[in-house]
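For reference, chains read A, B, C, D and E in written order, and residue numbers begin at 1 within each chain.
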């Protein structure tokens, strides 16, 4: 048991080490195959282990590797419960598909082997994150995924933009991590341990609401950094500089959902901190709407998907914030399917278009790449919330759950609804600009369908995007019950049943259809000129990025420069050097006193004599 | 009488230094030095192996009275705090010496200076008699002074003199402190003594403690260096030869923090408790300030130097958090900083040997020219950033979490240091290694040579090991730092904060 | 009246040797080799005699001879054991000068020996008038030695300045003696001591004035600020071959006299003179250091540094009798260091010439590594760096001062010591970190005698740097009866 | 009124100061040297007067020795002055100021 | 009464001589002034019943020493008139001030009691030749012998500095 559990992590790890050592030597496609097999292997292992859970006979398992930081009451220990199992399945499953896809996509790249090394490193890190049995180890995974994200974003480091994007991603994540670390400080100061069991079981006995809120908000900061929520989302769009499979795997399917996972995992803390939980939901709602608006005006196909991802993550936050953890995680899963599919499709398009990403230069690709088009179409409908596709069920459940909370939560529900409409709109826009209408690509370019090795994963994901939603329908809440043991004892929010459910579902579907329709109306003809202040504002994401760049990057550098070259060099060091120089100069000033004239020397001696005389006489001659 | 291993660790380098100094054939100098340092390393390894883990007190103690009238004697001992630092010293010197192939002028004197330096440093860590401690402390300056001043860069003389005199100024006051301490204690202990262990028995008035703390503390603060006293460091680092920088960053800086922990905390507990805020503030300032200043440096060596200021800030914060986690973190951070920063300086030295420039702007796109080198550099950078799984993380984590218990505000502020660390190192990496090759001279630079790999591998291995499995090191440290805390609790009304207390319902009810 | 010739054995040995030397020289003109032999005879004899006296009279076994004129105790015999060998070293270091001035070399040797004997008598005399005579014997010889190469650059100037100022100072000193005589009714130190202990003087004005003037004279001899003004000019002007002995001898004799006068007759007056001595000490270390920093000539720089060292040594004396041993340790180690340093200067810049510009030392480490290394050692020792005798010396005097509750003085001293590094390191920088001044210059040859005069001090500096214990034990017995 | 030794000592002090003045004010080496002799005489007078008051001979004996010392000093001093004069044809100390700083 | 007269006359003479020595621009006059002072001092010795010392004073000091001085003055040249312009700034005011302070200090010191030692109770001692001789060759024999060294130094020094052999007119 523990062995198998460890195997889930160790397989990709072994693959990574192997590729690190020999990746260059075995080269193409061997490296890719090794990587895919190891990840696939750990997927199968996970399936085997998860079977017990499906049959309902499974119990939480742990695999202790070694004593790690006794001072914090934590060991290097894996935890296998339904939640981590689900995450593992998603990560390794989607991961192996994307690995497979990458073999084709990265074909001919100089650092083919290195790429898969990094990919496996990421899988390992992500697995550590989701399987960790204590905050410390979770933090390790948390940071390592950041590392592999950095490595993969700036994989083509010759491109300055790529290098910069990688650094940006890591640094922004790091800002979130400060929140995480401080949260850990608080947790440790309260519980004297960072182990999950101690904390979660002790929470309701040891946590005051204030402390719980503080911890919750700090965790939220960390989550916002990793899951690209307001205000720390800025790194994700730039992250598209990385190879598309990376975007699909890390920046759509898995890593960015870590925040959601964390909030779900720490549900027992958030439960004690309603304010923090609400904040999570609000941040999520805001992000969802905000990112959706921006997505509308993007011309780069990958940036559309990037903002869409941010927006969808917002949904998940809404869900977990509303204590509908199952719903959140459910959407996390479905989203992994269709968003990965979208990215891979986009990748295949870009591949076919010889690295063209501007949708205004595409169009009419449907005929050229049928498979890509078909699969992407499914994903499009799925994300637009069209039943019975996966997206519909998960998104609907979140909205329903939020609605169920009632009160001012209904506002969030409204926001979500609007976002549904916008989502449908910009996805449709993307589809039309890409696949329909007149071809707008420059002459001589002959786009054609991608090789089979790339289309197979597309098909697989397409299937998942169709059926994936059925694991948790209002008629049969399989997933929710599956996850119940994890959230045992928490006051969970469930989507309402009965007529309310139908009405809500109908409303959201309607919103989706309206969005799609509007988009079709607008884009079926020749491409309208998307210019004007509004478009520019949205296109540039409300200029928030430039704001950050100005305030933090440039401003920070100026401040640091002042510190370094004024305050430090002139001020502090100036003082130090000054003392030394002064000492030397004083010597120079004094020298003239030694005139060389005997009689002045005599004067000095007599003066000294008089001085001593004065002192001694003052001792009793008066 | 068992074999005096500690004396041996000090005497061996010193003697072999003399031998090297007068060796007939100059080309033998470095090999001899390396051999000697390897033997020392072996000795240190044996020490690690024989060390009774879990014991708080000093082990392998050697004590010989030298001069009764002054109460000075040859008293050596090693505990969990000094053991690792001694090991680190022994570990870094062979590497530094192997990395000294750039030295071509007066090799004998160079090798000898390095060995004398090693003897001095180990002496400082092992000495349990304040006067002996001071002797090593001060004597150590001379070889370092020569290493910087003779084999250093363009402005080496200025840097060397600045280093020497600045440090000497600090130690001057400490010397006054040591003498007065011996004198003050002589009334209570019957006769003057400079023996650390005996001095622990003396009860000093609050004021006396305050001034002595100041006298000792200033000297250590300059050595660490704590924030406003740091400016000698960048100069010294920039001008020092590679090996010099490695030792300077790797070990020398630790001496200050070690002194604070070993002497200030134990000899002047009340003053320590009173002055915690001061040092905590300076430490936090150092963390953020050093990092901020590092961001905009144009000279990679200067950048790493300022990063040291930031990292040592963590050490000081940990030491004065007065919690076991904090103190453990401080000590382990010393070791880790020694490894990572030492390695960074090694790498900078290697690139300097190839290009004879340290200006970041003179590089660019190196990753495509020398991928292996770039990889190692990035690896080390992340270790220094404090990426979990690498050694840098453990120390910072311990310090931050540990110091939160006693100094929440400071700890939270300090946490932002981890962001800045990422900024300056990754930005520097980006400018040096990413992008296209901009400067022609960088094309076709040779990647790591066999010798360089040999030098690097052990450090990389150690970095990973301490990052993944720090427990052995921590186990060595814990009892000793706990002993320090117990003493403080005994001597003052300070209570080491317990976990599971802050904001605890159970407590409030 | 106990006439004991063993009590004056050192003096007799020197005198006999001197007379023999001159006689034989006048009659047969045998030349330098003979001078060396005679000098060796005299100095070795005197040293042996001092050692014998040390064995017989150290610590508590001191005795007074010649109706309380002469004290033979640990103090005097240690001074003997110190000053006669130092004179030997001085002669070896300056032998180039001896052979350089032709026939007059005989007088040079004679004067050095008599000066040494004078210094010894300064330490041994138990009577202020005898002290004055001894001091004159000593000083007059030094005046002549300073100007020995009459034509040499500034030698005559040095001699005249030294002489005129010295005459002034000794006149003041003598006036002090007269006043103390008037105040105590005796010129015998021990008489005065018992008188001052037994009787309470209602109107101590004359006594106090006397003490003040005594301090002036002694301060002049040891070149303590502000009575140091002569030192730089004399050190720089005096021929290289003699400066070392000039510096070392002045410190030994001067401090012997100062310590004896302060600790024996004025013992009960420590409350009056200790602060004054402390003030002089502080002034000396500061003035000496600050002036030395800006110098461009090594001998001049060392002159100012010797002022600073005078200050350090006086730091020990504020502790009264308790500090005498520490004073001796410092004086002994410093004396040999300074002899060695000036010996090297004489090698580098010539034994006949006065000036020794620092530029001569650029790149010395390349040209003659050994010389540079030893010079660096002396510089570090004078800078008080550990593992050299210089550090132990400082530790000793500061320890004494701290025990006497003169912490402020110690701090001043320590800071000044750091400032001193500025110029000690400057020389090291020149020798090690700068290119040769002129590539053509070949390494100067160093005759055996000079090698000894450089090597022995180096050995002493290192040995007592590593294991000062024996010397520390001895000096504890080298206290006045 | 009778002349107490104090009078002589006061007079001696006065002479001594004048001697000092000679050294500080004159630049002729010989005259400066004479001033030193004057100072020694003043001291001698002090010795004698004090010795009389204390009714001991030590004062006078001291004077005797001072005289011997003075004589020797004169010999050396004049020799130095002659040597200087031979080299520079001057006895003015103000012209001997090459060594300074 | 006699002593008072003597003190006044010769006191004035001594001071006059001293001032003359300092004041006279011609070294010869200075020498004369010094001699005058010495004679006056000798008189004081007598009036303090220090006959032997007085004799020595006249013979050695006024006689030998001053002759030597005059000899050197002649050697160097009588006509070396020294102009009184002071070229060292502040030298004169400082000098005079310090002189005043010094003298004043000593006088202040002794204004209550010039001697504080216990007076020898025996009947008054006289500085006759026998008395002094007794002292010299009994208690003071060691200093007396040590003066021999002093004389050697003087001789050797004189030779070393002032005695030029023709073979080394130029040395150093």
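Simple rule for what comes next: a residue touches a chain if its C-beta (ideal position, glycine included) is under 8 Å from a C-beta of that chain, and two chains touch if they have at least 3 such contacts.
Everything numeric in this text was worked out from a predicted model, so none of it was measured.
Visitor: Which other chains touch chain A while also touching chain D?
Guide: Output, common partners of chain A and chain D: C, E.
Visitor: Taking the mean of each chain's Cα atoms, which chain ends up nearest the overall Cα mean?
Guide: Closest chain centre to the overall C-alpha centroid: B.
Visitor: Report the chain whose mean Cα position is at the greatest distance from that of chain D.
Guide: So the farthest one, by centre of C-alpha atoms, is A.
Visitor: Work out the mean Cα position per chain and let me know which chain is farthest from chain C.
Guide: Farthest from chain C by mean C-alpha position: A.
Visitor: With contacts defined as at the top, give the pair, A-E or A-C, that has more of them.
Guide: Between A-E and A-C, the larger count of C-beta pairs in contact belongs to A-C.
Visitor: Rounded to the nearest whole Å, what is the centre-to-centre distance of chain A and chain B, using the mean of the C-alpha atoms as each centre?
Guide: The mean C-alpha positions of chain A and chain B differ by 36 Å.
Visitor: What is the distance in Å between the mean C-alpha positions of chain B and chain D?
Guide: Using C-alpha averages as centres, the distance is 65 Å.
Visitor: If you average the CA atoms of chain B and of chain C, how far apart do the two points sit, in angstrom?
Guide: 44
Visitor: Can you compute the centre-to-centre distance for chain B and chain E, using the mean CA position of each chain? Integer Å is fine.
Guide: 70
Visitor: For chain A, what residues touch not just one other chain but two or more?
Guide: 580, 591, 594-600, 602-603, 606-607, 609, 613, 617, 621 - these are the residues of chain A that touch more than one other chain.
Visitor: Going through chain B residue by residue, note those that touch at least 2 other chains and give them in order.
Guide: Touching at least two other chains: 165.
Visitor: So which stretches of chain D touch two or more other chains?
Guide: Each of 9, 16, 19-20, 23-25, 27, 32-33, 50-51, 53-54, 56, 58-59, 61, 65, 69, 72, 76, 79-81, 83, 86, 93-94, 96-101 in chain D touches at least two other chains.
Visitor: Between which chains does touch occur?
Guide: In this structure, the chains touch in these pairs: A-B, A-C, A-D, A-E, B-C, C-D, C-E, D-E.
Visitor: For chain C, which residues count as touching chain A in their complex?
Guide: 160-161, 164-165, 168-169, 172, 203-205, 208-209, 211-213, 215-216, 219-220, 225-227, 229-230, 232-233, 271-273, 275-276, 279, 287, 290-295, 419, 422
Visitor: In their shared complex, at which residues does chain E touch chain D?
Guide: 3-4, 7, 11, 14-15, 18-19, 21-22, 27, 30-31, 34, 37-38, 41, 44-45, 47-50, 52-53, 56-57, 60-61, 64-65, 68-69, 72-73, 75-76, 80, 82, 86-88, 91-92, 95-96, 98-100, 102-103, 106-107, 110, 114-115, 117-122, 124-125, 127, 131-132, 135-136, 140, 143-144, 147, 150-151, 153-155, 157-158, 160-162, 164
Visitor: What part of chain A is in contact with chain B in the complex they form?
Guide: It comes out as residues 66-72, 136, 139-140, 142-144, 147, 150, 154, 157-160, 163-164, 167, 170-171, 174-175, 177-178, 181-182, 184-186, 188-193, 205-208, 210-211, 556-557, 559-561, 563-565, 568, 572-573, 576-577, 580.
Visitor: In the complex formed with chain C, which residues of chain E make contact?
Guide: Residues in contact with chain C: 105-106, 108-120, 138-143, 146-150, 152-154, 156-157, 159-161, 165, 167-168, 170-172.
Visitor: Can you list the chain D residues touching chain A in their complex?
Guide: Listed in rising order, the residues are 20, 23-25, 27, 32, 93-94, 96-101.
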